[in-house]
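One chain, chain A, links the two complexes that follow: it is found with chain B in the first and with chain C in the second.
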Partner chain A sequence: MTKTVGRGALIVYGVLVLLPLAWLLVSSLKTGAEILASPWSFPASPQFQNFANAWSDPQRPIGPAFVNSVIVTVFTLLILIPVGAMAAYVLAKHPFRGSKVVLGLFMSGLMFPHFLTIVPLFKLVQTLGLLNTMSGLVLVYVAYSLSFTIFVLYGFFEGLPDALLEAATLDGCTQSGAFWKVMFPLVKPGVIVVAIFNAIGFWNEYSLALVLFSSGGKTTLPVRIADMATARQYESDWGALFAGVVIVVVPILVAYWFFRDRIQVAMTAGSVK
Partner chain B sequence: MAGVSFKNVCKVFGKDVKAVDDLSLDINDGEFMVLVGPSGCGKTTALRMLAGLEEATSGDIYIGETRVNDVPPKDRDIAMVFQNYALYPHMNVYDNIAFGLRLRELKGFFWQLSHMGEAKKIREDIDRRVREVAGMLGIEKLLDRKPKELSGGQRQRVALGRAIVRKPKVFLMDEPLSNLDAKLRIQTRAELIRLHRNLGVTTIYVTHDQVEAMTMGQRIAIMRDGVLQQCDEPETVYNQPANKFVAGFIGAPPMNFIEGTLNGGEVDLGAFKIGVGTNHPAHGMTGKKVIVGFRPEDIYDTRVNCPIPVTPGNTFEAKVDVLEKLGAEDTAYLLCGTIPITATLDPATRIEAGNSATFAVDLDKVHIFDGETEVAIR
Partner chain C sequence: MGKQARFQLSFLAPAIALFGLFVLWPLGQALYLSLFKWSGLSANKTFIGLENYTRLARDEVFRGAVGHSAWLLVVVGFLIFVLALGLAHAMNLPGRISKAVRSFFLFPHVMSLVAVAILWRFVFDPTKGGLANGILGQQVDWLGQKSTALPSVGAAFLWYSLGFYVLLFMAALSQRDHEVMEAAELDGTSPWVKFSQVTWPMIWSVRRVAVIYLAINVANVFALVWIMTAGGPDRATETMLTVLYQVGFAQSKFGYASAMAVTNLILVALITAGIMTATRRYPA
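Moving on to the complex of A and B:
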């Protein structure tokens, strides 16, 4: 009985998630007129042109924004993962006087809505001369994702037996050698989870990108899509807007699909023996 | 190869937790030394200080002629086998064994790029050594497997292989058999002895199991509360324990202890009296509180196969409370009045629980300890 109710609830949840996605996908292949005339119908003929229109729209092209989002996401991860992993490793395996306070400070960052800091952050980035640059956005993303990254990886590092580190030391590793050759590879499941969750966050992040990196036609995907949505209120190309949203959603879904086993393992790590 | 010396070594954790207290111990070149004691006695801490994983609070530690207190672990030329093996889970057996060699002999990526010929030769040499050690330990077919695909015994061999392949000056082993089942433990015990004989490397082996200590150690060092109690050959430790703790720790079932008072040529134990040999230093003392110790195997049923003369000075009456029949011998838990005594008896006695009988103690093997200091009176 409980099982049936549970399954039923999961099916309802699945439909709630999948239905908008399916509607989005179908709508992205319809003409603007079709979307407005019958929102739930299938297209008479699939309008793949919508994707090309969205990608290279003369005023608000998705293409460059897509490239910007890829660059920002990739570079943020390339900096965030090593920095976060090293910090988490030291806090977990080489505690020092005050390390708990440092950990506490990082954890408090988890509870702090970054939107509250947006004005001083804007000033700071402006003073550094990094306003409307990708490197500025990357640095801000790294900073505000460190809390979550350290929080997750700290748990993974703490779970590794100290004997491994000691064995590596006796085998001839330096501190950094032991970290990169032994400890870091062992928290790979955690790194993948952190990378995926953060990547989803960066890919979809709107407010910071809007404030720090959105002038002169340069911006990231979410800002560009919002821009398109606003503009489409006065235009008729709804198909291109839906196609744009599909372009935003698909990379994350694909990444999730590839790493789903590892994410599942990492999310349940420690819950069962 | 090299000997090892601890000179007045102390280790204090926090403010006042003394894990190791003034340890002085010399381990000879090529010797198999076992550090044994109950948990918390400081044996593992001593080993870890030697490895460089803990810093000695005071005192000096030498490997050969070199004082190693300030030498980093990787430069001490030691190899350690950990209790949980500490194999690198993400590497296969081959890489686990080769890891230390590669780190020490291949000097980094750019060096390898600029010395390709030399690096190739080193890699071939490492390969040869890994396979040689794998062959020696019978794990050559497991080289491609990950640690999680191995049984406990196989993991243990890989951990040994990782230690052996480096040809270190000293092997350190921290309870390496404790995760194996009883049968495999006995088998591996013999293999370790054989391995030590073949390699001849100074080995320091930590265990809480007195059987392992007795069977493996050329000498054994018994520790308690951070203090070394006695260090000697197994037979000496067994036959001439320095104090009551050592006497009770070594031997299974453990030695019987009864408190009594010396009264000239005998000790009054309350329920019965036991003679003290004329050669014994305690002979003739009067009124001194002592603890008398005798091992279960030195007690005989006077009726059957009793190899010692039965006299009023070495016998007592007791009732068998519980009897454990082990086949080769019986362990009898006796009650002499209210005093519990354990005896290992010949099954031919056919004694049963509930029976009473007269038992004789081999007076030559009776130990007398000072009632206050618990040090053996010899």
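Moving on to the complex of A and C:
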């Protein structure tokens, strides 16, 4: 009896999760008129043109924004991972007087919502001459992801036996040599978890990009697509808009599908003891 | 400086520099700026003490926004909590259904909030092409009328967040003490007693974490509301951060916006501390 209720609830839940997504996908292949007519109809002929229209829209093309998002995501990871791993390693394996305080400061970044610093952050990035530049956004993303990255990697480094480090140093490695040749490769599983989890966050991020990198037609994918949605409020090319949303969502859902176990680990990190 | 100290410093310096400059410094600045009347030009910065805060306390728009956030936290938060706890139990059932749902239930949560917002804006589209109207066979202007706008945003928030809390509770349930669960099973305890006497106390720490996450996430919902309704109609869905964004970046009242940021931070801290104290009765 309870099992039947449970399975019934799961089916309802599954349908509610998938229905809007299926509707999104089908709508991205419909004409504007077909979308307005009924959510249940299928396109008379699939409008693959919608994707081309969204990609190279004369006013708000998705294409360049897609490229920007790829560049920002990749460069942020390339800086974040070594910077975060080095800090986590020293804090976990070479503690000093006050290192707990440093760790605590980094962890404080997990406690408060990042949007709260937006006004001073905007002025700071402006003063540094980095407003509306990709490098500015990349540096800000690195800074705001350090807390989570250090938190997870600290745990991984802490779990490595000290004997390994001693062996590496006895073999004539310098401290930094021991890190890059021995310790860093050993925490690869942790690095993969934080890299995937952070990459999804950078790809999806909206608020910071809206304020720090969204003028002169240059911006990232989420800002561009939001802009498209707001501007099209009273227009009728919904097909292209839905196609644009599909372009934003599909890379993430594919990545999630492949790495879902690791992503779930990252999501519950620290909340379940 | 010794070799070891130089090594430690060189490894920590990049992280400390970036975090200090872009995170801690602006955080301190937000506190400082909230005491000024400032339009963003350095020449016009006037110290006004706590005036921004006293004005904020009388600001109808901001108070309305706090009320909407509170509604989302209490009503939608409660729904999320109950549904997630129930569904997490169901997910543990053996069989193909739970296996299938497990593979995709986090889709909404990994999507960009922007995509979620656009998708749900069209779910609640006033035409008969909107999904909600299509299901109900009616033509309701969900986001355009005051009575339905906030619940509609709440529905989108629920759809986006639920999976994460299901995941949290699934993790908590899988970590229950198996011996105790088996003992309860052998005793022939009823499912309700097993839940209320065994499971509920055992998942205490995750319950607490879930409520705290909910408080933080609701207080900081921005992209979803901004794209779905921009705070409208007639400010019916305004939340703390949508007001902050408009005051800061459309009206360039940087000091006043900073006071809002600090107030938001204090409110969240108070709620979190309140939850921590209220749930202290089970020792960890």
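In this section, the second predicted complex is superposed on the first by the 240 of 273 C-alpha atoms of A that agree within 3 Å, B and C clash if a C-alpha of one lies under 4 Å from a C-alpha of the other, contacts with A are read in each partner's own complex, and residues count from 1 in each chain.
To be clear about the criterion, a contact is a pair of C-beta atoms (placed from the backbone, for glycine too) under 8 Å apart; a residue touches a chain by one contact, two chains touch by 3 or more.
Remember, it's a predicted structure, so these values are computed and weren't measured experimentally.
Chemist: Quick check on the superposed pair: does A:Gly190 touch chain B, chain C, both, or neither? Answer first, second, both or neither.
Modeler: Touch status of A:Gly190: no partner.
Chemist: In the superposed arrangement, which partner chain does A:Val102 touch: chain B (first), chain C (second), both, or neither?
Modeler: A:Val102: touches chain C, not chain B.
Chemist: With both structures placed on chain A, which of the two partners, chain B or chain C, ends up touching more residues of chain A?
Modeler: Larger number of chain A residues touched: C.
Chemist: When the two structures are overlaid on chain A, which partner does A:Leu164 contact: first (chain B), second (chain C), both, or neither?
Modeler: After superposition on chain A, A:Leu164 lies in contact with chain B alone.
Chemist: May I ask you to decide whether A:Gly239 touches chain B, chain C, both, or neither, giving the answer as first, second, both or neither?
Modeler: neither
Chemist: Touching A:Val182 in the superposition: chain B (first), chain C (second), both, neither?
Modeler: Touch partner of A:Val182: chain B, not chain C.
Chemist: Touch check for A:Gly172: first (chain B), second (chain C), both, or neither?
Modeler: After superposing on A, A:Gly172 lies in contact with chain B but is clear of chain C.
Chemist: Output the chain A positions appearing in both contact lists, the one against chain B and the one against chain C.
Modeler: Comparing the two interfaces on chain A, one with chain B and one with chain C, no residues are shared.
Chemist: Which stretch or stretches of chain C touch chain A in the complex?
Modeler: Per the touch definition, chain C meets chain A at residues 3-5, 7-8, 10-12, 14-16, 18-19, 21-27, 29-30, 33, 40, 86-87, 89-91, 93, 95, 97-98, 100-101, 103-108, 110-115, 117-123, 127-131, 133-135, 159, 163-164, 167-168, 171-172, 175, 191, 205-206, 209, 213, 216, 219-220, 222-223, 227, 230, 241, 244-245, 248-249, 254, 257-258, 261-262, 264-265, 268, 284.
Chemist: Name, in rising order, each residue of chain B that touches chain A in their complex.
Modeler: 51-53, 73-74, 78-80, 82-84, 86-90, 99-100, 103-104, 162, 166
Chemist: Which of the residues in chain A come into contact with chain C in the complex?
Modeler: Chain A residues touching chain C: 2-3, 6-7, 9-11, 13-14, 16-21, 23-24, 27, 35-40, 83-84, 86-87, 89-91, 94, 96, 102, 105-106, 109, 112-124, 139-140, 142-144, 146-147, 150, 175-176, 179, 200, 203-207, 211, 222-223, 225-226, 229-230, 238, 241-242, 245, 248-249, 252-253, 256-257, 260, 263-264, 267-268, 271-273.
Chemist: What residues on chain A touch chain B, complex-wise?
Modeler: Residues in contact with chain B: 161, 163-164, 166-174, 177, 181-182, 185-186, 188.
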